[in-house]
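In structure tokens below, several structures.
Next, two complexes with chain A in common: one pairs it with chain B, the other with chain C.
Right after this comes the complex of A and B.
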């Protein structure tokens, strides 16, 4: 018998594809409507915000850092964009112009937020998990202060967010944008000095610094883009729901990190491939959609995601290294 | 020399890993109260034999005897229980704990009274252990972090003696020291040697593994030379000289051109780096340095003299508190090595594994770390140019690797260091700070690195050198600055025919 040989580098990809197929079979058996066209459509369009945020998070984790505030940043951007729209909706400006300005303002806000977090982490040497934990609290409360209850977008403006529904074949605009961001980041990570710096910092920050790599600048840039992705995800969520909610992003933090880790990116940094994150995103998104279809209680869903992230990390952690230290 | 009882012997030990023979049948005999020096190039099999003796890995064939009985430990604990202990190359003390706590780490149970540790009893016992190896002057209540490296090394030895002596019938043990001096400076080495002598005076035996031949000659009673996993010599220290050992180790004769003195050039007038009254609180002060183009400027001083910190300031890793730094005539203030590299300054750091190479990356990616920007076009790094560059340096520096894609961690220490040199040379920086460039590198690779340094300078670069040994610093430099307690205490000319003596430098260092 021929021995089955799997290249280690592709393990994460094969593994994810296998998991995706298994999950789809399981959910189809449990509930036939899982596999019908409208649900698949739904699944694909639901995936876009998660995909974008996972694209931003992958380089953060490649650095060996983490951003626990991504969900909270998504929430605050989500309410910010809608409350800005509400503020300007009755002005003389054209609707599309109001949308454009509010979108850009929100994105700018999130980039500045990312720069602040990145600077605190890089310059003040605050561990990213604790700095982002603090920001999680800050953004969560900020979201509630801006609007403590959901706001709907008035009907007269619906026309300006119709683009969210446009699709080319089975792929909606949002997912295509998400893919493009993924591919863009893939090129950056593999082909530019910045990307090589990210990998080097993740693998050995001290050596990277001594090699003349601009460690602080790279870290801040990565966190800034991560903030941008969170806000873009928030805008997609707004466009889909035609409303905002101050807690909309909460569940995303864990899902995004699960997706990145399922994609084989090492939490200690330095190794991983952002294209595999796409697979991780689909695994997470199928689990989420499937659980909704077979109507599993939302609290049980959270337990499942907790377990998923634990299993993903346990599978991917390299325990062979002699110097492996768990902190 | 009186021949005492044989304590330990190893006969015809062989060891093969996946088909490659690391040991091809070596012998070793240790008498009571003897220091055995064990030398050989990297890969000669010294460390492998040590690991077999301490029980980390079993031999493929061959026998060992301890006090006349067959000896075959399955793990280090078993070896300890029979009176053999090892001090590893990397220090294993927990620096935030006290000396006593470290010595009895894992044995706190022996001092328990009503569920809590009786510290008084532990420290009294620690004092006893320390005085037993002749180090009664070490205060067991001191935290390890406050001790110098030599003293730490002695605490490690005390720890090992403590676990081994209990078991051995006569209380005599065999201590394996794997490159104990690689982290020590000259004075600390002297002190360590004093302590080793006290140890042997008590009847304990020591196997001393080192790259530094002068040290081996100084401390050993007998010396074993291994080459490519075989015995290449076994002699009393009286019959050995550095030249003889060197020849046995590498199979060729050493020569006066060890430091390539014929290639030493006279530096140009142009000053490329100038420090004026530079200072760093608590580290060094009033430092005035001028580095000329094409010069090798050596810094000598004990650890803590401030020489390391000065280099950190030069390469942008730390900011100075006082004074001014001029690079090529322009006043600069760096806050990161990135900025320094933009001005053409780079450092080869001391801790190769921690600061020098990125272990998870390949040889080619490591070489391209410092100049990825220069290898790119329109913002994109060219894979082709990265690999061309790697092949060029692998050939030029004769880096032994299975290919440019090999992970750098799989190379030997000397070849890893060559990768670091390749990266630094590829960066085209023209002021290079060499912080212990030959640390942990075998004799053969050392000589190649010396040649590299000469070539760098001949190519118009300027070098600041913190030598791994005083000898190296004198041998390579054009000029030597001596530091003590954060101040420059002397400046000596070191041109080819006027090399200063070690004694004259040491007198300024301490």
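Right after this comes the complex of A and C.
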């Protein structure tokens, strides 16, 4: 039994690596410029926001829950941070101070948003997909209310977001932050009682509750961190584009879920490894980047990611027990 | 001995009282949506008076009501079996886009007329069938399958006209949205026809009964020998049909085929079904609940628009309504597990 489990854990890693290699080969054959240095750089820096959001989403799915509001949360944070910057840009404070305050405010907002969503899910027993679906509409609405059209950051403040371009070797600063968050979460998940609690809740919530794990508190914490990650991703998107848009996060929900599921995390919860999510993220961002490079119609991307998430889940779902009811 | 009798009697009384209270509560829950609708109409009558009750506004409400009703009818069956369908935005938009391409239009030479409409509906029926089959056979949660299909359908819809929406040129199709019969817009008649069909299916066919059975407790119909999987696939296919008709109505009303026809159709429908009293856990509610629910949502949106509320708030309000309705109708307690 144990042996089977280990094999399965490795399967997801090998499978993702194989897929990544195949995809790189296919795209290189179709378009040579896919493999050149500037595009690889581009790919790596584009991956950071997705990676951070996937890091936040993995524990949510490990719980057996889901958060469909992550894209909308990303949009609203993205708009919020830029509109705050615009509000304070003419004050006497130093630019870096304005940036710091707006970033922290946005992150605080998203954590509070995550706590509210987590509380409604955990305390009021609303299934996470419907609670987060409702929050998706609420955040989308909020984003449009804050700013219904894109805003660009004025040139005089560009200096304060230059950090986004700093890189060490081929790895950009943002991607390193994303990796650090992934590794931090990995340590929490595997080495701390909180992490074991997340796995226990995902595997069997009733048993977890009976063994004295504070289920509600853990759930709320996980959703709070998920909100935080969405906002951090949004800040990265802002720094990259030097502007904001109220719909910027829309496409991320599906990509993030695809990445997590491709990394072998089961939707029913309790099994999966967050480091595999890194592989899933690269599969997703290679597909996205590659389709842009070989100039496939952008509308195809939605179709492809829809299919990718279905296939990934179909591969990962355990269908061995016939009596298991899926709603 | 007497004491024992006394105890038994009091237990019996207690039980009877409990049943009575439950019945009363159920009755209250059953009529609560109608009360909400009446209250809403009253509030808007007081606030806006004659302009809310004017003939043109009532006709507008009936016109606005038809699309959410069609969508919500399909969704009702899905929610009654305890599943959910998030593909609506995509499916409705896709059918809307395809409709304009199949009939006489400004973009290509196709002129299939009524057959074009049937083809467009067939597309969404196939999508519904696929959602059902993948959900059942691969045991993937329905919200995930339908969420993926929402994106797939949006992609297909956008590809079909790739940036430049087709305008409908078929004279018959152009006349439909303006026509009315007995003072009620023809589009509303179409919705009412589908409503009658759905009501018939729910009340007078074995399939309709099975839907309730599957929603209440899947293991029981399975034990009796009903093919639960087939029921589920049929439900999603029926839902696909309803979304298809909604897409056509949307395209005819707009006179153009765009993916935007489906945008923001899901939340009102979801809110309408839940607020009408069809529980997300399945097995409860029905088509008539949805009629009341969609009327509530339509009147609410119409009233808010008349009051000049920022349109961007509307989706947010729908989200809040869904949350509140679900919180009120869902089972609470320490032992309940929600994922």
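Going forward, the second predicted complex is superposed on the first by the 319 of 327 C-alpha atoms of A that agree within 3 Å, B and C clash if a C-alpha of one lies under 4 Å from a C-alpha of the other, contacts with A are read in each partner's own complex, and residues count from 1 in each chain.
Keep this in mind: a residue touches a chain if its C-beta (ideal position, glycine included) is under 8 Å from a C-beta of that chain, and two chains touch if they have at least 3 such contacts.
The structure displayed is predicted, hence computed values, not measured ones.
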Original post:
Is A:271 contacted by the first partner chain B, the second partner chain C, both or neither?
Top reply: first
Original post:
Touching A:155 in the superposition: chain B (first), chain C (second), both, neither?
Top reply: neither
**OP:** Could you tell me if A:193 is touching chain B, chain C, both of them or neither one (first, second, both, neither)?
**Re:** first
Original post:
Does chain B (first) or chain C (second) touch A:206, or do both, or does neither?
Top reply: both
**OP:** Please work out whether A:214 is in contact with chain B alone, chain C alone, both, or neither, and reply first, second, both or neither.
**Re:** first
Original post:
So which one touches more of the residues on chain A, chain B or chain C?
Top reply: C
Original post:
So which bits of chain A does chain B touch that chain C touches too?
Top reply: 206
**OP:** State the interface residues of chain C toward chain A in the complex, per the touch definition above.
**Re:** 82-84, 86, 134-135, 138-145, 147-152, 154-156, 158-159, 162, 218-219, 267, 270, 280, 282, 310, 312-320, 322-323, 326-327, 330-333, 335-339
Original post:
Which chain A residues qualify as touching chain B in the complex?
Top reply: 187, 191-193, 196-197, 199-200, 203-204, 206-217, 270-271
Original post:
Given the complex with chain C, which residues does chain A contribute to the contact?
Top reply: 63-66, 68, 120-121, 124-131, 133-138, 140-142, 144-145, 148, 205-206, 254, 257, 267-269, 297, 299-307, 309-310, 313-314, 317, 319, 323-327
Original post:
In the complex formed with chain A, which residues of chain B make contact?
Top reply: 315, 317, 336-338, 340-342, 346-347, 349, 354-361, 365, 368-370, 372-373, 376, 379-381, 423, 427
